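Following this line, the structures themselves.
Two complexes follow with chain A in common, the first pairing it with chain B and the second with chain C.
Right, the complex of A and B next:
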């Protein structure tokens, strides 16, 4: 049985549980599933915005490509286009800059749950030293917390508005 | 009373014999017949006593190997990892240089090929001029004794605070 098939079984069991010991991802990962159950190379995930961040009360949509060489090479993980504003994300494409997802830092003991969790942690702890969105990186570097919060909240409010109108 | 035995059916069970590190003895001695409670290979997530995803028959055809760092994998899984340049010759669990423990029957036939592949990785890195990042590389393999590395230390690498850069 391939590694990704084994993972799928564990993911179903983990995320279905209300027991915080079995499912440490409650309140973090809302869902993680293959887009089409017969093709385990394309996945999607929904994560909750971490509390005490401007992302709180919003959900974010993540798209995951699992290459045939997985787990020797990392999965490719992106946000949906124009889904989020963050200094380590290129908003227009959804591209994420996260070290553990780069081939040179990846290790095959990590799995999809670890990766999605790491993306969630990136929302909580932006890394302004290696920004994909230079403007957002600069705002954080200037330590202008309220400007950062304001811009993100404005972006997300607009996002919701354009979705329902 | 006389008992006449007509037929005898023998049933055998086997398991890889892994030298235990003191506190692990209890769990190793317990016989689990359930895949989910058994120790699994960190790379393919299949049981130690099962096979890697590309094999059909467990046992000598899909052996288990034991690292100096006390991390165990299916021979095929860890070799495939070390065969990728991004592995840098390091253990996927603890990122120390991966070598097999000497003097164990289950490792003996495989030691040489791991020495070779890890040196190949090292040569590649010297060529690229990145070898100095790996201080450990030129030291002789640290003593293949059970207490060379404290397990509680090596496992912390995967703690969640190390997930992000």
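Right, the complex of A and C next:
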């Protein structure tokens, strides 16, 4: 468990900094911290939607489970339920399909910051060849940019509306 | 490639296991002896013996095969077909180790072409699923890029300004080392490739252990530089790379499951490789099944991967097995292994293959299957295989279903009885070896002369398997057809013969065994003949469409 303790220290230091060299995650990761300070196996993160995508100006909530076998096995990472509409995410459960988070592609060198960053990159570059949400995958594959923009924006606007009403 | 060379090849894979060679050859010899002595007229009828026909002239087979395809089946050619002229299967039995050794030989062949170390070629082959052609194709196209891609090229990944003078690819002991994986500070052994990514040995071991079963190339945790088999063994401290190669070969077999099949028997690690699968449709068309035999003498069907199921074909077999699974849930066929003696009601457990039971308490002799007295079975008529359609044909729907169920129950029971018997016979087989020993020691009989016992047991096993599956055929056959009646008659004959032989094999006293030796020969020969007759008859039912699966 000493690894995750050390990571926690590094994360705190990194995200607190304004120096772009120390903290390359500015504008990407808003926060990354354990849900309960005494339990380092459950984490949450907030990321910003990447600019020039329909996710811009929205924030997304990520839940992270760190197994006891970490870092030999990858952490389990999900979005919050119904938080996002994306071709590599099952919206209802928040399940994410990302290759580096699969046990066979995972390597122990990566840490939680890498993982969250990778999820953020997934928002910028959806992989429509292996979609979890087939409909979204098809829209992207048809290169129907306006439909893609429209449906994601509609989903997110609805999300905000239902949150504050 | 000459056929003779192939043959040598075949044996060379067994060298590691000399006892299996011995067994294999002795089996050959004994078979020859028995055939020569007792069944001179017998020729191998189906493909089952094809293992011994490795030198078959392939061209000859092909011409027959081609001819079959374009000429319509005349009565004459059909007769020829019925006599068993499906092309022989040309196959070999391997193990993952055997396949790997063959790959190593290929690596040696490729080494002059590639001009890189053999260990690197092995990794290239592993990556391309042991497909030489594909590898060569990519190699000529990409060359050095390929090496970089797969983490074999060192120069591309090495940090040029490596200041610490570590010995790469060696386990080293370091004081106060900080491993960035576990974040522990400790005095520990470490390992690193030329890239300089150094981790403590326990993290490296964990990492490799998790990857071994995947069969893919294992690379450094932080870059694509590949660990070679030597490195893996060094890190793990014992030869673990064989496990990785094993997994890789396994995935190779899985991917080539048209040509390679695992032996379905429990704990058997054999793989049967059939090079040319073009004759398989021919087998199916003629309702033969492509039975093969692994080095442990397990016989199974190459088509469906099930145990030998003649006379039933794969379709009947799968339908029957599916039905058995379904019905056993519906009806809960718990066929207990004990029965009450029909006379004195004492519980009797069957501990031998023979169906001729003698109650130990009241000495009543009865048949295990029908629980009737044994006397009528022994001499003339073995009625147990006959399903008596006692009810009238004027049945209503519900009654009809009930009747099918009854019919099925009847056949399933018979099937099961013989399956249990076959298992018990197998146990019996374990004692036969001791018996042969006893013969050798007490009677001064030579080993070869004692082989008639093992031979008889083999014939018995084969006969019983055929008998067992014949009930599946009988269930799906049109009972009113004359041929079905002939089939049932054949079943009875084989059943009687099998019981006789099984009884003979129960004899424990070596003197009695030797005295009755001619009987063993006669009965075994008879069982073998009846087995073939029943198989052919069953196949005819299938060919003529009298036996078919109706849902």
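A few notes on this one:
We adopt the following convention: the second predicted complex is superposed on the first by the 164 of 165 C-alpha atoms of A that agree within 3 Å, B and C clash if a C-alpha of one lies under 4 Å from a C-alpha of the other, contacts with A are read in each partner's own complex, and residues count from 1 in each chain.
Quick note on the criterion: a contact is a pair of C-beta atoms (placed from the backbone, for glycine too) under 8 Å apart; a residue touches a chain by one contact, two chains touch by 3 or more.
What you see is a predicted model, and the numbers here were worked out from it, not measured in a lab.
If you put the two complexes together on chain A, you find that chain B and chain C bump into each other. The partner that reaches more residues of chain A, of the two candidates chain B and chain C, is B. When the shared chain is aligned, chain B and chain C each come close enough to touch A:109. Residue contacts after overlaying the shared chain place A:134 against neither chain B nor chain C.
Of the two partner chains placed by the overlay, neither chain B nor chain C lies in contact with A:142. By the document's definition of touching, both partners, chain B and chain C, reach A:6. Using the contact criterion defined above for the overlaid structures, shared-chain residue A:118 touches chain B, although it does not reach chain C. Taken together, the two complexes place residues 2-3, 6-7, 71-73, 103-104, 107-109 of chain A in contact with chain B and also with chain C. Contact residues of chain B toward chain A in the complex are 42-46, 53, 77, 80-81, 84, 86, 92-93, 95, 158, 160, 163-165.
Chain contact summary for the complex, chain A toward chain C: residues 2-3, 5-7, 71-73, 103-104, 107-109. Interface residues of chain C, counted against chain A in their complex, comprise 180-184, 197, 203, 206-207, 210, 214, 216, 221-222.
Listing the residues of chain A that touch chain B in their complex gives 1-3, 6-7, 10, 71-73, 98-100, 103-104, 106-109, 111, 114, 117-118, 121-122, 125, 127, 130.
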